[in-house]
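Paired with chain B in one complex and with chain C in the other, chain A is shared by the two complexes that follow.
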Partner chain A sequence: MTTLTDPRPGFRFVSPTASREIALTLTIIVVGALFSFASPHFLTVNNLVQTLRAGLELAIVSGGMTLVIIMGGIDVSVGGILAVSAIVIGKAYQAGLPVFAVAPIGLLTGTILGSFNGFLTAKLKVPPIVATLGSMYVFSAIMFLVIGGAWIAGLPGTLSPLVNGAVGYVPASAIVILAVYLSCWIILRRLPFGRHIYAIGCNEQSARLVGINVDRTKIITYAILGFLAGLAALLYVARMRNVEINMGTSIAFEAIAATILGGTSIRGGIGSLLGTLLGVVFIRIMQNGLVLVGISSLWETVIIGGLLIVVLTAEALANRRKGRPS
Partner chain B sequence: MVFRMTGIVKRFGGLIALDHVDFSVEPGEVMALVGDNGAGKSTLIKTMSGAHVPDEGMMEMEGKQVHFRSPQDAWSSGIATIYQELALAGKMNVVDNIFLGREIRKPVLGIPFVDFAAMRKRTNELLRQLDVHIPNIDSWVESMSGGQRQGVAIARALNMDARLIIMDEPTAALAVAEVKKVLDFIKRLRSSGKSVVLISHNIQDVFEVSDRISVMRHGRCIAVRETKKTTPQEIIGLITGAYEVPAAA
Partner chain C sequence: MIAPFSRIAASDPLRARLILLAGLWIVAIIAMSLLSPYFLRASTVPYLLQYVPVLGLLGLGQTLVVLAGGPGIDLSVGAIVSLVSVVVGALLAAGLNIWMACGAGLVAGALFGLINGVLVNYLGIPSLMATLATMFAYGGLALATTNGQPFSNFPAQFAWLGQGQTFGLPNAFLFVLLPIATILHVMLTRTVTGRHIIACGNDDRAAHLSGLDVARIRTGLYVLSGVLAAIGAIIAMSWFMAARPDAGKGMELLAVTIAVLGGTHIFGGTGGVPGAIVAILIVTTLQIGLQLANISAAWQLGVIGILLIGSVASIGGFKLRWRTSS
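Right, the complex of A and B next:
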């Protein structure tokens, strides 16, 4: 058991055992190898860079989702936050605002909607899954009310270098993802705030007792997720140059799936950003690879869903064996 | 006198849980609090620790009148309560637990980074001071023995500059060797000038470490005895009501 209880400080980017990260990395290598054999188009720079760009929003949102789930929360409304932020961004562009005004407005929209979720769970004590389910309905209603059935199209791509550009041989999307994860890692592992996120996820009562401002920590953490959803919306608009009516519908569940597959405990208190990032890579590679080898992408959802059930069952069994409910 | 409560009344609906209780603790003293189930011990310590607000009466900490509205109020006045369930974060390590909510910061460009090195150093000092043996302070506290976790909880209280430490049944559910360890922690706290309120059902433990014993019965503090001048028989008699105490007490 020593390895299980020995989170070496040098490995703090990963979970205490690093076992999930290792397992995911191996799975990605195996799956990647299979796809490379099955399709000549899989292991090409073009395909991988395209996959990276298409996975940008999911990667960004999943980083924030990891913080929220480690805190023992969850947010199923991030798709709604993404969509509403994108609409605000679209409308702001249409109103003729320059990009240096639009970008802060978009980020602020996401942050405000995120803090609204935090307020519901922290101050009104609504269980997070119910609170964010409610706000998801509200956010999608806002979206329909504002743009009806129409798209907002023909938006400027001023920020598209952040998605499509490259620094030397390094795609800009990779740099953005790296910057987001590095920031999240500093928050989670190097600031007192991150210790408080873990403490609330472990034992909220104890966190309150030692004087941690639990409500404030919750609101800020949901706000961080909202901010990242706003950032994702900004990059989405830069990439697509339009806002669709069905955007963001699946991103919440994909982000939760990536986080859980990456080893973060749905009960809170345990989790790692590297695991989440690998979870995102795994989900995106499955989606891309299955399409390339001509299998219906429905199977991708079946596989991800099946793996989630396996992971959660294993966690439940491990907890039962320890005989410690809650 | 480090702590004193006078005339404390706590009602829950029609039930009087504390009936004009007077209770005090001297500096550097281990005060045992004993009584049968439902005698009011838990309500009393919850009042001391800020979890309950009393309906009547007055509390003083170090000569100043205090009104606790939350456990945080009590902690910041120097009263730390170590509950049976210990209130530790199980999936965090010893250093994180001891410094939870009061991390040592080392700002870089105004960003308050956690100073892990300083926290580890202080953790080792605290554990040495209490003589707690933990092979690896990077382990999750969940993986530790009951005695080690008591040690971590006490170290946290010391680190928060607690002058009065309330321990609720610290030896319940511990192995024999661990019980001795926890009693040693209590003696060490006393010798470093801290006051301890010890709630225990185990009369043997109470006689081993306490200086005085307060007996509660039916929501009243019916007797205070010096441990050296009383006997287990007398205390048990007081707890069960076999010895009636004159109403004046």
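Right, the complex of A and C next:
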């Protein structure tokens, strides 16, 4: 098998749509400046660190979502995976298992549920949106059946240093996020597997003809997202020390929004992790800033939705000008 | 000789799906009557039909959008229901008469559908992404403009549509869903417009080359989906005598489930009204039956999820076999 070479000049962390990352960075700076003028509480170390901690799960899940969307897939069930993993983690803690046992169990749960999605799309040929919609129903059913209306509360915070701790002046949350994105970057940009993800996203049929094992790549990629959702669940439990019934309800849509805002094409084949990370930062800063400025947080979805429409429209118009089939 | 044969062949998978669905419905009815002694009674029929219209209208709209291919999907229908509820509720609260307020609601629904249609068909944004963005925007607007507060205190005669009955059947079913479903069925199977819609779904390139304005036809169906969602919103308001800004939450997923379960191929070209109607009955029977049997709504979610995956997976499996044998 011939090795796939990157058609773009050199391996870069920035995507071919580097303009998106620059635009997003500028937007974040402008929005951040506006918020810090409007509220004295915005640009404080305490507030920013809190925002970082609260955005930990979204950041982790979005990294995996980026891989799936670059591959031309989508996963709307990731909130369900997060919730079921959290429940398994909660139950394992309650059963008295030590953290060394609980952590792998949580990660394994996420991975299995993720590969279930991959199996549905790759082997049963169910379109990803339908497959993950269906599995989201199934996962939320599992969640309701296991914990009913109750919370699982009073869980040990053994892992909470991973969220709340700090190494010197660097918050541990930042290190976790960087580690996750670095791993995703290595998978996507340094391993042949990442080339396969891009290839499938560009043209699945060609990828198959070139000799890529498309089904296996799909299952593994969905499993990676599941694994990261399991990790997010582990950190969620460490942070909140409880499992509540409506956790994870909006995380899938937020992760998709962050990924698309970050320049990843919903058609697959194009995308960057840096963009996604900036997208997450943007969404979280909006959420935090609006509350501090005193605007109802209900406007947040309007703003994200409106921005998505603007970004997608601009992209479509740019594609049309370039004469690319849109 | 060839033409009638191909017509039979084309209608055959639909008929097979219809028989399968009818069988499934009977199984659901038997299962529910075993679960609850209250289910198999004459009084269940109007009770069940009370639930059918709102979801039915959304499911029919979704069926048409998916049927016309693209691939088309409208994830914003639930948010349109919420936003139209808010528009109509605010107008009624402002003292406008019922007809004017409802008329304005229908126009609003058409407008929201038109925005979806233009984003998808003229700007070329993938339907999944475009309607996800408008779902955020519409749903967010409904919540943000009202601060989450419902409107109520509607004039008493407004209840006629959602609560009244004629000949023992709910008015919303008898005077709204039944006529609309009949008209849409006749349109799809007996008129040129219907043929055009199916032609777009089968092969948009061929449809374009034979002179059809594919983008306009598909946009029209998004508008129709918006109008049907608006009618659904009005029925729901009249039923509960309140306009909740989250009235349509989660309905988009049920609408997609109904369309896909009803045998409409997710990439368009095959499908129809009868299948969608039986799918609505199956989904509603499950809802009502489990409610009567006092079983957790979680099972309902789980069963719907499995139905959704199963209904598409079987198509996928069938195709796979066909491909390997040829």
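The rule we apply is simple: the second predicted complex is superposed on the first by the 304 of 326 C-alpha atoms of A that agree within 3 Å, B and C clash if a C-alpha of one lies under 4 Å from a C-alpha of the other, contacts with A are read in each partner's own complex, and residues count from 1 in each chain.
By our rule, contacts are C-beta pairs under 8 Å (C-beta built on N, C-alpha and C of every residue); 3 or more make two chains touch, one makes a residue touch a chain.
Note that this is a predicted model, so its numbers are computed, not measured.
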Of chain B and chain C, which one contacts the greater number of residues in chain A? C
In the overlaid three-chain picture, which partner chain does A:Ala207 touch, first (chain B) or second (chain C), both, or neither? first
After lining up the shared chain so the two structures overlap, which partner does A:Arg190 touch, if you call chain B first and chain C second: first, second, both or neither? first
Which holds for A:Gly306: it touches chain B only (first), chain C only (second), both, or neither? second
Determine, under the contact definition given at the top, whether A:Leu120 touches first (chain B), second (chain C), both, or neither. second
Which partner chains sit in contact with A:Tyr198 here, chain B, chain C, both or neither? Use first/second/both/neither. first
On chain A, what residues does chain B touch that chain C touches as well? none
State the interface residues of chain A toward chain C in the complex, per the touch definition above. 74, 120, 124-127, 129-131, 133-138, 140-145, 148, 253, 256-257, 260, 266-267, 296, 298-306, 308-309, 312-313, 315-317, 319-320, 326
Spell out the part of chain B that touches chain A in their complex, as residue ranges. 71-72, 75-76, 87-93, 96, 99-103, 105, 111-114, 116, 136, 138-140, 143, 156, 160
Within the complex, chain A is touched by chain C residues 71, 73, 119, 123-126, 128-130, 132-141, 143-144, 147-148, 253, 256-257, 260, 266-267, 296-309, 312-313, 316-317, 319-320
Chain B contact footprint on chain A (complex, rising order): 1-2, 4-9, 16, 186, 190-192, 195-196, 198-199, 201-203, 205-212, 269-270
